[in-house]
Amino acid sequence: MRHSDPLEPRLSAWEARTDLPLTALAVIFLCGYAWQVLHTTASPTTVLWQEIGLWAIWAVFAVEFVIRFTLAQRKGRFLWRHLFDLLVVALPMVRQLRALRLITVLKVLNRRVGTTFRGRIGIYVAGTILLVGLSASLAVLDAERHDPDANITNFGDAVWWTMTTISTVGYGDRYPVTVEGRLVAAALMIGGIALLGVVTGVIASWFVQKIAGAEESIEESIQSEVKGLRAEIAELRTELKRAGGEVSRS
Amino acid sequence: MRHSDPLEPRLSAWEARTDLPLTALAVIFLCGYAWQVLHTTASPTTVLWQEIGLWAIWAVFAVEFVIRFTLAQRKGRFLWRHLFDLLVVALPMVRQLRALRLITVLKVLNRRVGTTFRGRIGIYVAGTILLVGLSASLAVLDAERHDPDANITNFGDAVWWTMTTISTVGYGDRYPVTVEGRLVAAALMIGGIALLGVVTGVIASWFVQKIAGAEESIEESIQSEVKGLRAEIAELRTELKRAGGEVSRS
Amino acid sequence: MRHSDPLEPRLSAWEARTDLPLTALAVIFLCGYAWQVLHTTASPTTVLWQEIGLWAIWAVFAVEFVIRFTLAQRKGRFLWRHLFDLLVVALPMVRQLRALRLITVLKVLNRRVGTTFRGRIGIYVAGTILLVGLSASLAVLDAERHDPDANITNFGDAVWWTMTTISTVGYGDRYPVTVEGRLVAAALMIGGIALLGVVTGVIASWFVQKIAGAEESIEESIQSEVKGLRAEIAELRTELKRAGGEVSRS
Amino acid sequence: MRHSDPLEPRLSAWEARTDLPLTALAVIFLCGYAWQVLHTTASPTTVLWQEIGLWAIWAVFAVEFVIRFTLAQRKGRFLWRHLFDLLVVALPMVRQLRALRLITVLKVLNRRVGTTFRGRIGIYVAGTILLVGLSASLAVLDAERHDPDANITNFGDAVWWTMTTISTVGYGDRYPVTVEGRLVAAALMIGGIALLGVVTGVIASWFVQKIAGAEESIEESIQSEVKGLRAEIAELRTELKRAGGEVSRS
């Protein structure tokens, strides 16, 4: 999404400049969120300060989105292209959907991972799954922990549930019961289907590549054949010119 | 299915004319069905009128099918090609299978979505899943709600069950117990497998396209090489003609 | 497996002759098995005669295998190629594995369906799933019904369990508890994975075909270009011959 | 991983020499582990000796890794490339992760199976699944058996659980509750997703191959066409030379 866009020079410049600080902020948010969810014995004051800190970082992302909108020269096109971004930035204001703040953070981190490991699809997929799985475990634990009917009540169970969901195994020994937890599950299921798709796609294209490789050799033989032909005709023309000269002279 | 068919001009003309009103009717049916399922505190009179309205719309679809059959010039070929349509139009007469009315409605809507978003496979897939998922949630709730053993008794649970089924996760905290509910589940499972297939297929073909792209450049080089060859030979013929003229003159 | 083999003329002739009666026998076996499993109130004498009938048909298949082995000219090669057939013919002698008789029957039927609907992959896949699913439902019901811990105790539940297994959803509201039932489940899981693979493969190859189609048009343009070239050179040779004749005459 | 590496001659020579004894040791480890897990009525002395034996084999693998590291000429590159190997050799020292010893063993066996059945993907996949499934069943039984909340307490249940997990069906009638058992489950889930990917990839590439086959025939026609062209031009040159000679003589 943040490829430099020749139609939006001001926007591209801004994005190039804010890329690094936003990534740092995303990492801080993730660590803060993990600490808040896992460290349950913190004093109320600490909890309050954490909460303020996390919402402040979210506010920075929201403000950054508004700035980008202001910088964009084609407002309509920008909004249409960033509809999903707008949603995940705006929806966390509803307290029930505050887990969506993680998606903004994950998008920023994912972009950086993608830029760093471009072309090494294995590491990229593993990194994304790890990042998404960790965030989902934290989010589902945060959502479920205080529900009386919940069966996901500690971090170990949350990680285990995340694993059974993303692999589409779904034993059903652990499952979310709150609306927020089920939203996290929906995101993970989409991730699981995409994961299966990427793994299968890579393997299938690898098999196809071996076939295509065999085919390419025929094409390369045609290519060299045609090149030889061209050289032969060039020679033919030279010979004809010489022959024509001799005929003229005779 | 409703591509204009050169062998059936009368049928194609009829289908072009009825396409829009049928889509509108399908939307009305879906909204009415949703209202009937979700608004459980309606008075018996309202419920009766709703029921009559929904069956009336279904009757319109059934009559439209009969008209199409009458217009078809090759009756046998028409019946064979529309066997599935015939089934989903006729089977809802068995009260147990009344949920099948939704499939007729979904086919009409799906055709319109397909025509509108042709080539934008992402939006098309997302739209189809949303439409199918919503219909399945309503249908399963309608089927299960009044069963004493049922565990899908409100719309939230129905949506959650639809999600776990279409992603093939299947926790088993919610599952249908009635025959009608299990038929809805069967349809969703087929949908889930198709969904996995489409997602994987798109990703795999995207990887293969990158390989094919590299291959195409060889082919394009052959193409330009062969074109150059042809130009060179044309020139050779001109030179030979001129040389022949000179020889004749000499 | 039963493609006519030029190295085994006697075997091929035998297989061509026995193909139809064996298919008929397989259908009778399947119907008899279904009747035995579903009609539980039959008198002990009827049950005994059914049992004898089914084992008699199985014996025919076993004898046919022995005859094929006798007819084969290369015994070792035949055994190695039909190892799986040998297993599913021999193993049902262990009473615990009598459900394996169904696999011999399904292989015979599948071959006929494959021959009839070759090239119409949709109907072939649907037919295979229907046949396998029905057999699995009967087999699991037969295996589980008399176990005190079983939760699959009627045909409806057996079909429902088959559906949740072959789609890899696996709610877990119904599951086999006997060894024989779990063997049926293993066969279904392999079927489910293969099903996912075929559906995805067809969709992926369809997407790839569209790409390959675009590529083919380049190749066809090269083909016509090269043909044009050849025609032009043929014309050039004719002209040269004529010119040579004129030169000689002058 | 153990392809002979031209940059590391000493390492390649060592690996070629140790390949067979390590495979034998891996088989012994697997058998010993199976015996330890399944034969629960052994006397404490026997159990102790078994434990010592298994740890001794693991120690051989650890020492072999250190020797390979010593032999490597580019230490950094070696460590980076064998990071995963280092982890699975070092981590079993934590008693909770002793099941990871199986991964080292499975990697050695998998290499040998891969070398033996290269190109026969069906047998290779089946062999790998069998080996991985058996190891996982043993490992999960070892991990779960002594937990009071466990529901996987005999080998039959462990094999059944392995099947439901690797096929991603996941009924949930059996599931691990200990951390070690859940680690085994994680490995199996990754295996299950890879299995789906390979099966789908093979089927998809088979379909694509049929398409590519049709395409290849066009290419082969171009190839023969271009070869014919070249022969024709060679003939043209000969004719021209003769004609030129005649002209010179006249």
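Labels A, B, C and D are assigned to the chains in the order they are written; within every chain, residues are numbered from 1.
The criterion applied here is as follows: contacts are C-beta pairs under 8 Å (C-beta built on N, C-alpha and C of every residue); 3 or more make two chains touch, one makes a residue touch a chain.
Heads up on the chains, UniProt names are A, B, C, D = Ion transporter.
From a predicted model like this one, the values you see are computed outputs, not experimental measurements.
Enquirer: Relative to subunit B, which chain has the most distant C-alpha mean position?
Expert: Chain centre farthest from subunit B's centre: D.
Enquirer: Between subunit A and subunit D, two copies of one chain sequence, what rotation angle (nearest 5 degrees) aligns their Cα atoms?
Expert: 90
Enquirer: Which chain pair shares more contacting C-beta pairs: A-B, or B-D?
Expert: Most contacts of the two pairs: A-B.
Enquirer: Distance-wise, how many Å sit between the C-alpha centres of subunit A and subunit B, to the nearest whole number?
Expert: Going by mean C-alpha positions, subunit A sits 28 Å from subunit B.
Enquirer: How far is the middle of subunit B from the middle of subunit D, if each middle is the mean of its Cα atoms, in Å?
Expert: Subunit B and subunit D have C-alpha centres separated by 40 Å.
Enquirer: In subunit B, what residues contact two or more other chains?
Expert: In subunit B, residues 164, 168-172, 196, 200-202, 204, 208, 212, 215, 219, 222, 226, 229, 233, 236, 240, 247 touch at least two other chains, as defined above.
Enquirer: Quick one: which bits of subunit C touch subunit A in the complex? Just the residue numbers, please.
Expert: Where subunit C meets subunit A, its residues are 168-172, 200-201, 204, 208.
Enquirer: Per the contact definition, I'd like the list of subunit B residues that touch subunit A in the complex.
Expert: 156, 160, 163-164, 167-173, 195-196, 199-200, 202-204, 206-208, 210-212, 215, 218-219, 221-222, 225-226, 228-229, 232-233, 235-236, 239-240, 243, 246-247, 250
Enquirer: In their shared complex, at which residues does subunit C touch subunit D?
Expert: 164-165, 168-172, 175, 179, 182, 185-186, 189-190, 192-194, 196-198, 200-202, 204-205, 208-209, 212, 215-216, 219-220, 222-223, 226-227, 229-230, 233-234, 236-237, 240-241, 244, 247-248
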